[in-house]
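Read from first to last, the chains carry the letters A, B, C and D; within each, the first residue is number 1.
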Amino acid sequence: MYRIMTPTLPLVLIVSAALFSIGLLAALSRRHAIFILIGIEMMLAAANLNFIAFWRFAPPPHPSTGVMIAIFSIAISAAEAAVGLAMVIAVYRHYRTTNVDEYDQLKG
Amino acid sequence: MNPGILSNLWLLPAVPFAAAVVILSLPKSRRKIASGLAIASQVIVLGISIAAFVPTLRTPGFRAVQNFTWFTFGEQTLQLGFVLDPLAAAMLLMISLVGLCIFVFSVGYMADDVNFTRFFAYMSFFSGAMLGVAIANSLLLFFMFWELVGLASYLLIGFWIDRPSAAAAAKKAFITTRIGDMGFFLGMLWLYHGSGTLVFYNDGRGCLEGAGLALLGGSATFIALLIFCGAVGKSGQFPLHVWLPDAMEGPTPVSALIHAATMVAAGVFLVARVYPLFSLGATNGVTSSLTVVVWIGVTTALMAALIAIAQSDIKRILAYSTVSQLGLMMVSLGVGGVAAGIMHLLAHGFFKALLFLGSGSVIHGCHHEQDIRKMGGLRRLMPVTFATYAIGMLALSGVPLFFSGGWSKEEILHATAHWSPSRAPYYLMLAGVVLTALYMTRQMIYVFFGNRRSAAEHAHESPRVMTMPLIVLAIGTVFLSVVLTPAWPWMDDYLTGESAHFSIAELIQPMLFISLVLVGVGIAVGIWLYRKAGEQDRDRAAEVDPLEYAQPAVFRFLANKMWIDELYARTIIAFAWASARLSDWMDRYFWDGLVRGFGAIGQLFGVFTTDMDERCINAGVDETTVGARGLGRLLSGAHSGQIQMYLGVVAVGMLALLLLYAWLA
Amino acid sequence: MVGLITAIILIPLIGALAVWVVPGQIIRYSERREAESRNPVVSPIITRRDVSTSVDMTKLIALLFNIISAGCAIALWRNFDVTATGLQFVERHPWIPAIDAEYLVGVDGLSLLLVLLTSLIIPFAFFARPAPEGSRAFYATMLIMQSALYGTFTAQNFVLWFLFYEMSLIPGFLLIKMWGGENRDRAATKFFLYTFLGSVAMLLSFLGIYLVKGTFDFATLANFGKSGLLSGNLAWLAFAGIFIGLAVKVPLFPFHTWLPDAYQTAPVGVSMVLTGLLSKMGVYGFVRLLLPLFPNEIKAIGPWLLALVVCSIVFAPLAAWAQRDLKRMIAYLSINHLGYCMLGLFALAAAPAAAATIDTQAALSGVFMQIFNHGITAATLFYFVGLLEERRGLRGIDDFGGMMQRTPLLCGWMSVAMFSSLGLPGLNGFVGEFLIFKGSFAMAAAFTAIAVIGLFVTAIVFMRAMQLLFSGPLSGNCSEFPDLLRSEKFVVVPVTLLMFGVGIAPQFIFNIFNTTVVQMARLLS
Amino acid sequence: MSGVAFILISILTLAAALATATLPNLMHAAFCFVLALLGLASFFFLLGAEFVGLALVFIYIGAVAVLIVFTILLTRRDSKEHHGVNWSGVLIAFAVFVGLIWAVLKTQSLSIVPPHIRALTVRQIGQTLMTGYVWPLQCVGLLLTAALIGALVLVMEEKK
């Protein structure tokens, strides 16, 4: 019983994989630009969880790399979110919509 | 032995080729120089041929070769060579002599053609290539000249380029013969693979000599049959005979030289040349490949003779007659009478050239009318033409004694009668003899006897430049009957290289009389059938043929060439064209789509194609800017602009990597 | 000291720069105005000819640099030791040591042949008509392409080779995209995507090979080939990547569908280079990379590869038969002719171990010969189609008729090119095809026998074209055609003489690569 | 580490995340996102990375989530989605999920029991950041500044 309940590394990885997939789902299936961003944030968060989990379960000596990368990753995702949201607003001003189906100016 | 002539054999093709090149570079107005050059080259060639003929006469079984290296690839060398033996020498003599006559004739016949110089250039080119065929000592060199001969034939059939029918006939000739040539090509590859060389005779190391043949073993049958495909195409044998009658679209001298005397006989010559391949492992002179040759020949001979009866174009009758005679020669080769076949080839070269030139003279006199039903009574208007034509006709019909065709035909019938597997070819050949006499009589009556009809009104005898060659050829035809007479069988021995033997008993036997009677029957039936045809009125050109009157259905069947052309058009050609369209369609829609499906992952989303067109329309703006802009536009090519699609593609890519990793691990 | 090969690679690049810098076309306005004032309704033909008589500085400079590089190529040929095995004129400098990327160039017989061919075709393409507009950028791009081609044919290290290989792709794309005809965007994108995806696949494969073997050097890798370069699935994966990359380039059925579009749309000069040289990069890649590196893999799926080749050989001319557009027709025939090259190579590689030396050498020699011949012949055919297009403004096969009466010289010389392409003995096409068939018949008889159908259908295609274009009554819209101009004769006659020369006495071409053939045949069999 | 806590937190996090991805009302979805982030932070606590967890809470919930809510309010016009489900997205996401799970389960070398480790103090983190990671730190600082300015420029009204 105890062994099953102990959060082993594979278990954490599975949770992280699930989170990642949900993020991907949000990014792929939602029409709203903001939620695409949210989906991406969620995938990043899942990646962070992996970093932490690998750090935690790594055999000694424990280098603090995992934690460091997680910290940097959080900082970068914050910057990304700021710029992304700003873009959503700018694009919204232009198109009066946040529905990404109607954004197609990226194409050639 | 005459090494001098041997080392100069290369001049035979080279001189006419050089003449052709020079003539081609002349301006159109230099007619005299053009014809002069062509004829001079022919005379030179004739001289060389005679010089080559002499040493072969001196020694029985003479054979001299001169091989040289064409090129070296890797560490291997490819050998070509020239050979001089009785077979080649006889061919050379025939080609250059007949060629000279026809060249001279052409000066008159083509006198008012705009492209006079081009005609002589082509003719010289042909002559060179044909002489090359005769002396080639390598199947590869043979094939090369063979193809050039085909090219010359193509160019000359389509000489009157403004006529669509000529262009179509030229195309048909080239393509049809090329079907056979593909078989020839494969056979050549196989032979090269099997024996390791393509040189015929090379001091015992050639592919037709003991060691080379021994290497081939059982595959010799297939090689022989594949090579025979080439002969079938070139010599107009069934089922590839369809091009030859159409080839009559060319000027008449062309028909005489190429499509009667020389090129079409090259197929027969080819079989004779590689005869050791055909007869390898023969039991009692019979091999499966030779049997095929016999039956193809029999079919062709009979079929063409039948069709010839119902034709009304003077040249077409002769064309079918040529096909028929070539079939006869094939039969002769197939049953083992190589010498007889070649003798008939030589004789046929003379009398058929004579007939064609005669028909050319008739056509020239009748102002380019070719329908025999519109002629008639030319006997008096064109006496020289008539006399020489009659000699040709008698020779072709097989009247013996003074006409060469009779003797050689007799020899062939003789050989056929002794063929062990079956007597059927012999009887069928006898039927062919009757038919030949019949259709030639019919032609003679329509053209030269009876009343003058529409086209014959203003007919006139041709100028001397045209009649002289006729006379020379007629003399040649008669003279050959002396040379070929069975009473003095030197020719037989000359060709086979064996010592002479002669017995009067072999000559005089029932068989001879049978065929003589049959020739007589043919001519008599012809005269009886068409006795009235010649007396028709001048404006009754479309008068019903007596045979048509008797058997309309059969006659129509024959007049339409047994509907073989139509049959091919509906089946083979239609199929080929359909497969061409199918290939094109598959390419545009199926393979393209399939590969794009593999190649572009974006297709998963179905966006790629639909957006393509839009982009193409939108993108007409900045074509002139180079560099970065072009690059950007190019990368954008793959993009639909849908962010989510990009994400999806990335995710799929990730999955693909995962799978790849799993597969490799 | 810059080596000869480096010089050959660099000269066109300098030329591109020079073309870029100097002012472009200097039209003699006076002459042109005069022409217009004399004849107020100037027909497009006359105007075009007028411009062409003006001094085109760009073309002159481009040609000048071509002559220099051709001179270097000839110097290379002169100094090339035909009896020596291995690479010659090797230049080796360290470049990126970390990934074993070296600047390593050198030539053997095959490379030399292709360098010579490049020096021949590119200037030839510069003479193509109708000349593209905005010629400065055009010539500069062509020169860059030339440099890339030289590089591809001489580089002996994968990284360098791949660099040049890709470097040729972008000019190709730009040339189609900017100077192409109808549908150029679609065709250019298709061309780029196909070849680029192929290249990516190839690059990945080579990365895989590098990770296992740790080298990019062709010669070193070829030595591993015999014993199996890689093993298991990885080997197949690497094989597939390189195969697809090269098969797209050649192109091999069914990766060929970009080609008709690209050749049809590209301006004539570019079509000439595409068919004459770019397709050879694919064949070269097969000889240089795939065959030595993956002998076992090719042997294992040899019949399938040969089946693909036979499909190329048979279906392509059939499709050509059904084309209306002359350029597209020739494009399909190019697929067919390159199919013969592939037939020789795959028959050789898939042959049972005991193939006779004569057959392997025949196949290889034939392939090399065919590379050279097809380059010349196909380029000439495109050149002629360009002349027709310039005169008529269209190039559909039924837009002409009876030209022989009006322009006998044009038709005559064009027929020579056509007969060369259909493999008539005496012209260059026959030599290579005969040797290929000779070699492959011994090693893969059945496939060769089917491939002969290709030869036959090619004849049909050309016969049809000649019938429709040259013979019959003179079509009204051809009645004003000028015959071959003197400037055009200067281009056509030497090339045709070369065709005859190679067809009659091909030894001087064989001399270039005979030693290489012997060496490669030993390596491959 | 408690198994019960792990299960509870994972159920909470995943449910909230799923709600974020599917709820049609944007505001509800945004709040669920906050909830999911909270769950994630507690994971970090559970795994002994308290500092990261706190940083997550501060930065994501304190800043990013608030930004998101503001953006939703600013672009309020269509705060509900009209379209149906994008099945290809669902399919791909699920396929990726299966692939990842399969990869995780297939991998043999993952340790089962967490080893005992010393707690990572804030001081240690600070020291590491300022020594070994000083260049990345500077870069991230630069990046944040750039992002700040960039975001401002983007949302500034264009002067007419």
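Here is the rule we go by: a residue touches a chain if its C-beta (ideal position, glycine included) is under 8 Å from a C-beta of that chain, and two chains touch if they have at least 3 such contacts.
In this text, all values refer to a predicted model and were calculated from it rather than measured experimentally.
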item: Per-chain Cα centre nearest the global Cα centre, belonging to chain; value: C
item: Result of counting contacting C-beta pairs for B-C and B-D, higher pair; value: B-C
item: Mean-CA-position distance for chain D and chain B (Å); value: 85
item: Cα-centroid distance, chain A relative to chain C, in whole angstrom; value: 50
item: Averaged-CA centre spacing for the pair chain C and chain B, given as whole angstrom; value: 36
item: Approximate Å spacing (C-alpha centroids) for the pair chain C, chain D; value: 55
item: Residues of chain D touching at least two other chains; value: 86, 88-89, 92-93, 96, 100
item: For chain B, residues contacting two or more additional chains; value: 615, 619, 633, 637, 644, 648, 651
item: For chain A, residues that touch 2 or more chains besides their own; value: 24, 27-28, 101
item: Chain contact topology (line, ring, star, complete or other); value: other
item: Contact set on chain C toward chain B in their complex; value: 134, 137, 141, 170, 173-174, 177-178, 183, 185-186, 188-189, 192-194, 197, 233-234, 237, 253-257, 260, 315-316, 318-319, 321-323, 357-359, 361-362, 364-366, 402, 404-405, 408, 412, 419, 424-426, 430-431, 434-435, 437-438, 441-442, 445, 448-449, 452-453, 455-457, 459-460, 463-464, 466-467, 470-474, 505-507, 510, 514, 517-518, 521
item: Touching residues (chain side chain B, partner chain A) in the complex; value: 611, 615, 619, 632-633, 635-637, 639-644, 647-648, 651
item: Partner chain D, residues of chain B touching it in the complex; value: 605, 644, 648, 651-652, 654-655, 658-659, 661-662
item: Of all residues in chain D, those that touch chain B in their complex; value: 86, 88-89, 92-93, 95-96, 99-100, 102-103, 106
item: Contact footprint of chain C on chain B as seen in their complex; value: 24, 70-76, 118, 140, 143-145, 147-148, 151, 158, 161-164, 166-168, 170-171, 174-175, 178-179, 182, 185-186, 189-190, 192-193, 196, 576-577, 579-584, 586-588, 591-592, 594-596, 599-600, 612-613, 615-616, 619, 623-624, 626, 630-631, 633-634, 637-638, 660, 663-664
